[in-house]
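Paired with chain B in one complex and with chain C in the other, chain A is shared by the two complexes that follow.
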Partner chain A sequence: MRRVGFLRATWIVAWKDLQLEWRTFDVLSSSVVFSVVVLLVFQFAMGGGPGRQLAAEALVPGVLWLAIGFSSVGGIARSMDAERRGDTLAGLFRAPIDRAAIYTGKLIGNAVRLALLELILVPLAVVFFNAAPGQAWWELVFVLALCSFGLCALGTLFSAIVSRVGRGEALLSTLLLPAASPLLLAGVTMTGALFRGETLASVGRWLGLATGFGLLYFFVALATFEFVLEE
Partner chain B sequence: MNRSARPLGGLLLVSTLVAMPFALWSALLYAPTEQTMGAVQRIFYFHVPAAVVAYLAVAILLGSSIVYLYKRDLAWDDLSKAATEVCLFFCTLVLITGPIWAKPAWGTWWTWEARLISTLVLEILLVAALMVRRYADNRDLGARLAAILGITIAADVYVVHKAVEWWRGMHPQVFRAGEKESLEPKMRLALLVCMLATTLLCMLLIWLRYRTARIETRTEGLRLRDRDEGDDR
Partner chain C sequence: MTAPAIAAARLSRRFGQIPALRDVDLRLERGERLALFGANGAGKTTLIRILGLGLKPDSGSLSIDGLDSKRRALEARARIGWLAHASLLYDDLTARQNLEFWGRLYAVEGVKARAERLLDELGLAGYADESVSILSRGLLQRLSLARALIHEPALLLLDEPFTGLDPDAADALRQRLTAIHSARTSLILATHRIEDGLALTDRWIMLTRGRIRASGLSTETDPRAVKEAYRAHGRPA
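What follows is the complex of A and B.
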């Protein structure tokens, strides 16, 4: 059989995942509804009521990253769980492609799904909480992309580990959320700065941290992913 | 476990048994009582060494995880299992002694500060790693996944610490760079003795756990071989 190149293999795996998502809307539908519920509950818990009103720009970054964090756990876990249920991971492993390409492909699939979720979630949060990052929309997109990449880089590796031992979301959230706490802190701090009308330069080191975190785990996962899939 | 390693264990056991009463004496009697915090400050002589050896155990976990992935010798997995459990033990010790000290010193049991959060995160991740190991269907899978988690956890602890440090800071800086004389000489000596004793204890615990893990691995291997032979008949 002809061996497929790394980029092409990555693309095929990612395309397969996205096609599956397009046909079923399995992950997106549930995570969108879930994150809307998070916005709602958070508003009940922290937002409303006379005398205990929190300013929107203090509330929104936290709510946003809470929703993104939790729904990314659900989404990433489910995408790997689908492979486990169909026992297709073994098939992927036997395919004549680089194992790291399987990881990269799944990572792209997860990242695109998370990006689509954020595309719906962020405008909703802006509407619900009546706060906007001023002129800094592009900066906000950049921050979201950077932190989501790190979250997916680590999450894809962990979800493969968790699915190998047959456990789902509960174990993944125990692993991913504490381990990704630097990323969540970076996300909240940077988004907060944008909503307060400050520049990204004022939170430069968080930018460095989020970039470093994403790259670190991307390469750790590339190096170790084949050990996860091994029979 | 080969016989040549036995004297090492005996040596560790004897030196820990000698060092421990010494450490207790130096922490509780020899060291002077701190002026502002009073007797409660003596927790420091156990809290700080426990934290240091917890990070030492993380280093052992990282090393043995990497070596296991390359060599695939279950002995290295036994070592990383031992390091994980002992690290969890010392982490718990740090998280218990910390608040006892913090309540009188800071007036609060807990504060969201860099070292507290990174220790808590480390504790959660170690528990999760042990869970993954236990849930795995077979030994090799568990060992492999635990090794990957070991590497990730070791890398993560540092990043978490840095991040929360930027986020806020309150923990007392015991050893500032270039300011060696911040601690009273008698206190420093007491801390040094406690540090030595705790390190010995940590090594002893890891060694003991490693030995039992080796025995477990061997019995498991025998049991599997027995079963396979039974199937053949």
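What follows is the complex of A and C.
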């Protein structure tokens, strides 16, 4: 009898999540609006005085990760909410696939959505604050990818837990943001270093921390996701 | 000799201190249809969830189509179709996208053609590219049935499929359930609608407080006798 392998099942679940997003733009549109408002508020708060450029370089990493952190909560919560409405998570749980593939599929869906948000957000931040990471654009992409992966790895697991207990976005943010704070702090520190013209090697400890937490969250989630879904 | 569609022995399950299912033995032959009756809280949904491999029993053994539910879980899950209270459909995908998604997860060959055929057979061809969120309850239930049948399951589990349907939609579903019955597909129908349960199945059992308390052949049973059994065996624990 034919069976769907792990990678194929991951792809099917991820593609379905992206199809859902493509049909509604629910998650991305609300995340973009929220993030742009955050950028605008901080841009106005900085004013136009002589210290503006110094303030911008100091603020941009924090503003970016604030927007990314809060947007990811909303996005991940709504992605799991789509599973809760028709109890489709129970259907996925009964499908003849490795249940860890449900996790990896949803993780990829969440990560792609967050990457699309960052693709819009980072250029806007550069324009709004007139601050850029110099020649270190690829390093910035790497930092964003690393910390966003960890954020989504943890968020996808927590959103399934929250969904099982029938609670929504409020509980997810209560759980996710404190638990993901090492990643957010690492993201702010590494992004700040790049905006100051330093190399990633100068913040090597934070790079190690972000990698370690990201992998830890991913493998713990992979190992426990099936038990989270169990009825 | 072919393996039975279901062979369950001494299935038990508790939720905290409350026993939901107690030492249930059940055997269903291939192609056989069984109605599952019982008052609210009698254990019908728990039994359906265990038979659908969505819930693990605390004790007992279960095989589906000859496949042990623990050792060959993935193969066993592939044999089961499930129509539940919830639609198990994504509101924001179209009817076709939903069927193709579930078909791919079940490794259905020629999934597009299979989805097309089911949409046609269940009278949903006109709604194939409509978002599920706009479908009426009756259409949604038909689409849920198509989803449950996409992989041609050997065993179809139906948990209160008539809930929320108007008389016309219930009639349509009744006709569909009669039509899909074949020598290959076994069926368990959990319902409070005694006349429907008896008309659509070969035999019936009644659960009371997690145990099988009564059973019979559907064709030889007067619906009034089942109603009497409901009253005689009392309310759930």
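Definition applied: the second predicted complex is superposed on the first by the 218 of 231 C-alpha atoms of A that agree within 3 Å, B and C clash if a C-alpha of one lies under 4 Å from a C-alpha of the other, contacts with A are read in each partner's own complex, and residues count from 1 in each chain.
Operating definition for what follows: a residue touches a chain if its C-beta (ideal position, glycine included) is under 8 Å from a C-beta of that chain, and two chains touch if they have at least 3 such contacts.
This is a predicted model, so every value here is computed, not measured.
Student: Check the residue A:164 against both partner chains and state whether it touches chain B (first), chain C (second), both, or neither.
Tutor: first
Student: With both complexes overlaid on chain A, does A:16 touch chain B (first), chain C (second), both or neither?
Tutor: second
Student: With both complexes overlaid on chain A, does A:3 touch chain B (first), chain C (second), both or neither?
Tutor: A:3 sits against chain C, while chain B stays out of touch.
Student: Check the residue A:206 against both partner chains and state whether it touches chain B (first), chain C (second), both, or neither.
Tutor: first
Student: Once the shared chain is lined up, is A:230 touching chain B (first), chain C (second), both, or neither of them?
Tutor: Touch partners of A:230: chain B and chain C.
Student: Can you pull the chain A residues that chain B and chain C both touch?
Tutor: Common to the two interfaces on chain A: residues 230.
Student: Please name which positions on chain B make contact with chain A in the complex.
Tutor: For chain B paired with chain A, touching residues are 69, 117, 120-121, 124-125, 127-128, 131-132, 135-137, 141-142, 144-145, 147-149, 151-153, 155-156, 159-160, 162-164, 166-167.
Student: Mind listing the chain A positions that touch chain B in their complex?
Tutor: On the chain A side, the touching residues are 154, 157-158, 161-162, 164-167, 171, 174-175, 178-179, 181-182, 185-186, 189, 205-206, 209, 212-213, 216-217, 220, 224, 227-228, 230.
Student: Mind listing the chain A positions that touch chain C in their complex?
Tutor: 1-4, 9, 12-13, 16, 19-20, 23-24, 26, 82, 85-88, 90-98, 230-231
Student: Which residues, counting only chain C, touch chain A once they are in their complex?
Tutor: 49, 52-56, 74-75, 77-78, 80, 82, 84-93, 97, 101-102, 104-107, 109, 131-132, 147
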